[in-house]
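Letters are used for the chains, namely A, B and C, taken in the order the chains are written, and counting of residues starts over at 1 for each.
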């Protein structure tokens, strides 16, 4: 007793999984501040046919390395104020780049029955809809991420955004309304992000959209749409996603499609995945396909695309720590030059492979 | 037992208002480490006559968004060691820029009766003297800040510092002596900041000055002076401020003047403000005027200036969380082109308006 | 009671010296998260003969200013997962540069009997071997650091790395195996860092090496070797260090040599040091010598070198806080232009001196 009293003396923290430390006095409003994060590192070997191989250390191949602060204050009458600050982090180099808290920076006013008003930088509705169906958590060499981001080559995403910030994953300056937890199993929300560029062109774009999901016992279905526009720089970029999962106990299956439309170009991304858990183990399988059509400027992208196959194994050392191994291969079609993350860029239509094994620790 | 329950509650919950978590063992010197911050976001609409309007998300319009770490160690015999690290933060984008802890980074040795020796980066005496009289806390569209910083146009501040770092708000490399709390109600201190530029020109300047305030019951009067010099780049930049407040209960009034002198140019900033609190509510009014004289190089700034009127409303959801709304207008005179923060820059003598409503949460 | 015991379980005591706060429930795995750091500031006056003097504020002259997060999770069966994130920090300016956690970012899986597997960015074996024998902790005007880093002039270090990141102190992308604590007093480990540059040249280099030390009662001897190579940019850079210390009670003596070899150039750094502790006081003496030989390109560095003499005094205000003063002088030989840190760069063969007094606080 005495010993613990002494050791408590300066506190500050919490695992992502443990209950928050809160005031236990009934007269005091409950409040909390949590320091949290993920450290993830893996040794990776990738290879692109005709180019060569690279041995490297990767950060965030099971879930993204990150760190942050979040907190909540009970305002009474069912109202809560809360915030979330989350930074990028690289376990291999120590970099936290892009800097600040560009993974997420939000301030919320929420009510158990009325829902949540959230302001700041957060995931877009379509990303939120898409990433949760990927058994590889949108990261690592098995990730569905690759086909959603700009890449070497010609795609609707690069046509719309080039190397500027895009709205595929996140938007700044957003005002969101999110549905409360309800008895019908319906979830989702609406997002409006300010481009702030009516007067001069900026790197941030006006965006609007929403997501709607429904939990039907073991089945979950979710759809989202998000349109980005900037009257100075880009036309409408349409991003839509539809996906479903079925938790059959011995296996959890998921399938989805995400479509990008920009001017005359379109890109369809397909996902088919399975997770088989047994005890502290998990096996994961993912099949991703991307297929483009139309043209970017005067360049036809008909027939461009790629297939990705990924196999993963996870061993849970604890609730917060896992060891994992993933193998993946990508086969390009047409003029695409997608490669497994970390592999050297190859020629059009090349094949690349990779293998990585690592460790992930939540704090 | 009960006592520990109480001490635990601010653990993690380190609001700026709650007691610090400390060792409760009597044999152990008391010490604390606090993670703290502010998240503030507002939706803002601004307009400049003849240019147009911008809809945007602002960060830090009630008080500046920030995060940081601070701590204190009891060294015995009345001595304390303490530190303060505070970073910029943008709730709308997640940026923490300028990076590091450039809002404040100080290390102190202090004594209840002898005062405090503080080293590092901190507010200048004149800024400390000026900002506390602004009912808008020096931020947002109603802030007195605007007239103190370099702006589009020709002012003593831009003449002295251009776009380099200035000593209007903060100085790096500072050694401060701060008076202890005393029974005469006298407060203040002395600051010397090293320019480190005797040999080669640097972006940091030699500065020296101090502040002296006196609490006379409901009346508080404070004066400060700070002179910046760099033998390689700039002449003496003189910054002086004098202000007073009167807390009459139903209303708190404040008035002040801050004057910048640089070579042949001078700028006088005037502030007249009132805060009316009732229950959880507050109404705020602020009148700011800036008036320039003399010349910057060969350009006369006689007759240049601007008037700013701001009205605010605050609702306290709790001690740590508020909702607020502010409206402000700026009318330029002569060749100045000051605009309400976030408004597009207009032509000389233009008028701009803005409105913002938001939420502010301390943690 | 039981409930609170659980919620406390990941909290942390934040002094670098105090025990971690852990779950005391036997059913819950022990875990911790600690926010830690050092704030250090000093007023420094340096002088270079023939150039002049500079008065400045220094950060980190007793130990480096820093801040970070670290944590540990007990996985059961003697296994632990742990992480360490540590950032640069400047008390004088508030900068945290280089940004992110480039002082250290590591993720570990460790076992009391088998040792530790550590991945990420960390000290190199030779730096770990060298810096611990410097009574000035490798920082400040008395530090042995100076002769190990690239400097104005021609040295093997600048020849190999120029102004790019070098592997003198730290390596990114490292996989380390570290020996467990054992009854023979043997310590050390092995490091392999991936250059990730087989395909294109990168700023990071392939490196490999290790360290082995042995504790023989009051005597400690340690040797390390680290070789850096990049098939695109640099030849083998060899870094070797050998040092020993003897703790005689009234005085702790240490001596060491570190040698850099790059192509035709070599540099030998010698260290001879003593620490005399009495009560809360410490006196420190350090003699550093660097001597170069061979040639860098076509430039002979034979006869180039420098001698450094440093005297220090430390007063321990508490276990976490000290006041200190250091005086140092450097005399160059041949064409070297090493100067005391913070002093203006002089002509070849010049002499420079410095004095600093400051305060250091661990949290």
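The criterion applied here is as follows: contacts are C-beta pairs under 8 Å (C-beta built on N, C-alpha and C of every residue); 3 or more make two chains touch, one makes a residue touch a chain.
It should be emphasised that the depicted structure is a prediction, and the values quoted were computed from it without experimental measurement.
**Student:** On C-alpha atoms alone, could you tell me the rotation angle mapping subunit B onto subunit C? Nearest 5 degrees is fine.
**Tutor:** Result for this pair is 120 degrees.
**Student:** Is the contact between subunit A and subunit B built from the same residue numbers on each copy (over half shared) or from different ones (under half shared)?
**Tutor:** Copies use mostly different positions to touch.
**Student:** Provide the C-alpha centroid distance between subunit A and subunit B, rounded to the nearest whole angstrom.
**Tutor:** 37
**Student:** Do you know which subunit A residues sit against two or more other chains?
**Tutor:** If we look for residues of subunit A contacting two or more partner chains, we find 8-14, 20-22, 24, 35, 99.
**Student:** So in the complex, the part of subunit A that touches subunit C is made up of which residues?
**Tutor:** 3-4, 7-15, 18-22, 24, 35, 37, 39-41, 43, 51-57, 67, 89-97, 99, 317-318, 320-321, 323, 344, 358-359, 361, 363
**Student:** Note which residues of subunit C are touching subunit A in the complex, please.
**Tutor:** Going through subunit C, the ones touching subunit A are 4, 6-15, 18-22, 24, 29, 31-35, 69, 71, 73, 75-76, 79, 81-83, 85, 99-107, 109, 119-121, 172-175, 194, 196, 198-200, 204.
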